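Down below are the structures I want you to see.
Two complexes are shown next, each including chain A; its partner changes from chain B in the first to chain C in the second.
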Partner chain A sequence: MRQRAIGQQVVSRGVGSSSQFIGWVSRNSAMVALVITFISGSIFIPTFLTRLNLSAILYQYSIIGFLALGQFLVILTAGIDLSQGSMLALTSIVTASLMQNYGVPVAVAGGLAASTLLGLVNGLLVSRTKIPAFVVTLGMLGIARGLALLVSDSKPISIGIEAFNDFGRSNIWGVPVSALLWLLAGLLLTYFLTQRRLGRHIYAVGGSEESARLSGVDVRNIKLIVYGLSGLLTAIGGVIWTARLGSGSPIGGNNYEMESIAAVIVGGGSLFGGVGSISGTVVGTLLFGIINSILNLVGISPYWQGTIKGVLILLAVALSQVRRATGSRQG
Partner chain B sequence: MENQEPVLKLRNICKSFSGVQVLNNVDIDLYQGEVHCLVGENGAGKSTLIKIMSGAYQPDRGEILYHGNALRSLTPRWARANGINTIYQEIDLIPSLSAAENISLGNEPLKRSGGIDWASVQDRASRILQDMGTEIDTQVPVGTLKVAYQQMVAIAKALSLNSKVLILDEPTAVFTSSEVELLFSIIQRLKSQGIAILYISHHLDEIFKIGDRVTVLRDGNLIRTAMIAEFDKNSLIKAMVGREIDFSLRNGHKTIRDEMLRVEGLVRSGSAEEISFSLHGGEIVGIAGLVGAGRTEMARMLVGADRPDKGQIFLRGNPVKINSPTQALRLGLGMLPESRKEEGLVLVRSMGENIAYSEVEKSASFGLVPWKRIKSSVQELITTLDIRPTNPHTQVYFMSGGNQQKVVLAKLLAAKCDVLILDEPTRGVDVGARLEIYKLMQRLKEDGKAILMISSDLPEILTQADRVLIMARGRIAGELSAREASEEKVLSIALQLGETTS
Partner chain C sequence: MTAINRILSERSVDTRAVLKILAILIGLMALASIVSQGIFLQPRNLVNLVYQNAILIIISLAQLLVIIVAGIDLSVGAVLAITSVLIVLFQDYGLAVSFLVAFGAALLIGLTNGFLVTYVRLPAFVVTLATMQIGYSIAKVLSGGGAVYTGLGGAGIAPGLVDFYKGSFLGVPFPLILCLIFLLVVGQYLRTSFGHFAYSVGGNQRAAYLSGIPVRLVKMVIYVLAALLCSIGGILFVARVGMGDPQAGTWVPLDSIAAVSIGGASLSGGIGTVAGTVIGVIILSVLNNIMNLLGVPPTLQPAIKGLVILVAVLLNSTRASK
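Right, the complex of A and B next:
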């Protein structure tokens, strides 16, 4: 990531010569890939560029987008959150089961609290013990899914309050409200990460934990906060998901963490931490949404879809390695 | 200078690690506006002393006075907040953040809205770097800057915290001569601004150039603190070395056998320049040199852990190209690495498995591992090398340092290595085990093995090696026979090259 995710004025570089253009492309490869897939989808697939299809993409991927925002914060500190999909299911179950007796506000608050709390537990364990994030959140993956199945008796819980369900399907001028909320969250987080001390310290922790500590950065609480935020953002995605479905499901959100991790990596994040940007993550999420849609419209079997997406992730990571190698040679 | 109060004063500092006395009643004081140099051989206690000054270690005994006030305990955080800053060789910056942001990290100026005031961050960085008389792009990620400039940024960061004491630990280790000049002009400025500077370097010419006073440590004892003018190069070297030599068990005669290893013109940019030498069966060649002289880097090339850019290696007269340590083992060339715990051993597995590791590797190509044969050869090695405990099922983790070292040696012998590269073979082993390792080396030598021993412990090299090659700045700076070699000679070769190249 040679582009300034660094919170400072981007030094404007004219895209004059061809080598500068190539440099720009390699620095923004996810964006370029997004534009190319979007254009080719529009040209070759008649049903792609329709309001129905585009809003379907946004409905589904704005939810994964919330998870990806949280995942990005965690990955920025060189961590990982494997429990997102299960936490989404737990939020959905908690929200749905509180809905009938306590009303919408309490149900939503309960759903948000559930995953945020588990996220904070993740954060406590990662920052206060020596257990690796991979193991902590893998454990939480099992715990959250188990709780969701336990509370719901492994059955979906339907929601009878139409006002809530409508919210999940509402749109403004054809743009889903969930997508607007997602973009709003992205903007807030961008401000937070580029302009606030806490946000910059998240970058610092991922860049070099020991140096950050010696500079007076409160590493432990930074970690606590990012896992908590990952839980909260997952919970927001979970509430919207529940509303759109009109019911809580204990088996929902399966493998969503894989998609959110992939979106972060494709968008320029690094599992070693310290680099990447919210805008990159948003682009990465949309790219996966469009690719997913194209694969569906062309009628590729779901089994192949997983394989193709996996190959794409590997390609993106390989590309970013090349980018890093050439980038450091320039420096 | 002498009649003012020292900024930082350490008195009667003692420190030991697991029974080994590293510092013994050491005094040192730093005055405002002086460059105080700290010199001593590897292991003299310099690093321990600066770690105590920066709060990283607590002394066992002794007093630390800062501006005349005794400190009860000094922590790294307190030291930084109160103006004692250490610039280590491994630079404490966040590579992915810009220089400007690194300088302000943890202490960012805020706008009234609570957001970071990026303009002030930028101004602060430019102002400090300007005061230092250096120009650095403060906007690109620090990791893309050359190491020398990263060092400057680290100094700038220290200055932004209102430094009173600046400790520089071997700052010029990887500098070019013009970068050294730049650093020196910065140091002169800081000095005139009244900052007390502690300067640690192996390069004596630098010390005579920049230093006001010098403190000499040897084996954890304070030898002398004096104005630099009271020393010349020879008297300073003499003060640094000159301890008694024991362990002299080398038997005078040696029967030189065939040439086992020859290296011609080995070059690797950044670590090796035109290295050539040869090694015969039945001899021990010592590689001396200061930390950072490129000894380990050379060894890594010999066993194929790193690729040379140029040059040729011959084994038993035949040119070979070694691509990996595994291949080196197959060719009979084995290395006992400097950090045996990280590179040499699988600590959680049993001693037997560790010894047999490379043999399993070798025979695995037949598909089946001949456990029975391996078992007996392992048992034999345990007996010959006198490894304790003798049970091959003992987990290596629980064995003593000396015995772990023997296990690595056994592993190399099991792989039928006859060219052995030993990198710091006695580091971290106690005196008794040290003697045993020496005996073992002498016996291997009598068996006709060729041994290349890298060591920072000069007495060890002088007592064990038949020939000494001295490395400095990535090249072989000199060769001495066992008879000619003395600590003074070796050290002056290792040190004086710094003068001719920089």
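Right, the complex of A and C next:
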């Protein structure tokens, strides 16, 4: 709770009701944007506000959402994880190839272990060497994708176990189970980040690594844990993705890290670390889900989607930069 | 002019570094010759080596420039892809026009990268990650998704372009000559005062700013030059494969970063040479060559490249910290 209070104090020190309102909007810009896009989508597109469409958004974006939760933890420490999409593919391949011979529990455990392990390797390299995080994880992007291609011999691996595939499509009163799991993970992480010492240390490392170290925070292990968690959360998303697809794909998950980074930044995170919240990341993810759905429903060519997402990312990062600049001027 | 002195002293360190990686290269080539029982050193294999790497050398030069000013350019592959599509689409209006259109597109991407990095002060890897997405997306929109073989008016690839790639002068293939020209140009550029400024900006931006160096302009020019170099890569790509491909160059960012870091450049900026970068590209391709000769499946190659980047950067960072 303390971190959030400090964050708000820095941003909202403006005087007068109009600047207070602007401060409120800029603090909650993602939420405002989410409400606006949701309402305008509901008004202008007849098929938008249907149970089918909304659950389709949740199915797809709860998977990205798991990646975004991991990305948020990493970005909180002023790091970045570019290897998520490749790790997702590796998890799906490991899960699918273990499935037939060893059964569901072993396959899922293997898939989770694969990406968690690579995440920990990321963490070791980032925390123990001077290599910048984006280079480490860019290298891991190549390594994980190469392993996925190697293990699968570049071919998708289909899964014949219906019970597992059904899990990917299961829902409770129309709400996908994957989305419920995602929200549960978000709640757990919120508790962990705001109420537990380790979680507060993650904020401290992102705020100022040097002062965190001088205050006795174990910066190296915090970073190790954060990248490990990013691997684990990516793996959970990967297992759900595999179940949804009913097969493992070595080329899947391409550029998913773009979406997770975008969701975190749009949700109020900063690439310089130390700010943002899980709820912001969840809102950012849902916003991208809704925008994506609207683009599809309006019939905009999928080829344009990279452009739209790229521009949105640049806008979000620029906005967070402006927020940072005004915050530091006031504080 | 302490900045200049510092650069000169770094130069000497770099010469030693270049010698070291040269030794690694010779070792690798010897290994390749043994593994291949002599096939490696056959002229055809060596010519192949150049053919396959002309594009990567040019793109790595672009990456080198950006890395010298402590940046990174993940959009190099996207610029290659979009220019390759534009060249094929606009060739009905003559090669000159299509090249101009391609340069124009590259200029636009370079200016966008440079503006966002220097004036809005966004991290280079995020900016170029986004422009990479945008570039690939627009390339797909322009080409209709797949590869393009004919111009807007239906004309096929100009034969002159393809002949150029296969042609040679005094036995030296044209792509190699083009590479040499750009090596010289970029090498000379880095020797001008503006080039020295780039090293200073990369080494210590604050100090460079306080010494009166126009930091923003220097970085801006570097990002634009990098994008223009990538469009040359796009031209070579069309000449080589005879099509414009909106998905070309996916691995080029990774490869070029690997080549530049193997070549002794520091990803934290201020250090890096043209000679080192070229040797970096050759080492990378000899590694590929050895892997092919040994029968390592091509699917494993991204993994090995990723590993090579990490090892090279790790070695560089321990050297720099000494």
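The criterion applied here is as follows: the second predicted complex is superposed on the first by the 299 of 331 C-alpha atoms of A that agree within 3 Å, B and C clash if a C-alpha of one lies under 4 Å from a C-alpha of the other, contacts with A are read in each partner's own complex, and residues count from 1 in each chain.
The criterion applied here is as follows: a residue touches a chain if its C-beta (ideal position, glycine included) is under 8 Å from a C-beta of that chain, and two chains touch if they have at least 3 such contacts.
On a predicted model such as this, the values are computed, not experimentally measured, just so you know.
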- Message: Touch test for A:217: chain B only (first), chain C only (second), both, or neither?
- Response: first
- Using the superposition on chain A described above, determine whether A:141 touches chain B (first), chain C (second), both, or neither. second
- Note on the structure: Comparing chain B and chain C in the superposed model, the one touching more of chain A is C
- Name the contact category of A:130: first (chain B only), second (chain C only), both, or neither. second
- Query: Touching A:47, do we find chain B (first), chain C (second), both, or neither?
  - Reply: neither
- Message: With both complexes overlaid on chain A, does A:20 touch chain B (first), chain C (second), both or neither?
- Response: neither
- Message: Contacts for A:149 in the overlay, against chain B (first) and chain C (second): which applies, first, second, both or neither?
- Response: second
- Both chain B and chain C touch chain A at residues none
- Please name which positions on chain C make contact with chain A in the complex. 72, 116, 120-123, 125-127, 129-134, 136-138, 140-141, 145, 251, 253-254, 257, 267-268, 297, 299-307, 309-310, 313-314, 317, 320-321
- Message: Under the stated contact criterion, what part of chain A meets chain B in this complex?
- Response: 1-2, 4, 6-9, 11, 191, 195-197, 200-201, 203-204, 206-208, 210-212, 214-217, 274-275, 327-328, 330-331
- Query: Within the complex, which stretch of chain A touches chain C?
  - Reply: 80, 82, 125, 129-132, 134-136, 138-147, 149-150, 153-154, 255, 258, 261, 271, 301, 303-311, 313-314, 317-318, 321
- Would you tell me which residues of chain B are touching chain A in their complex? 76-77, 80-81, 92-98, 100-101, 105-108, 110, 114-116, 118, 122, 139-141, 143-145, 157
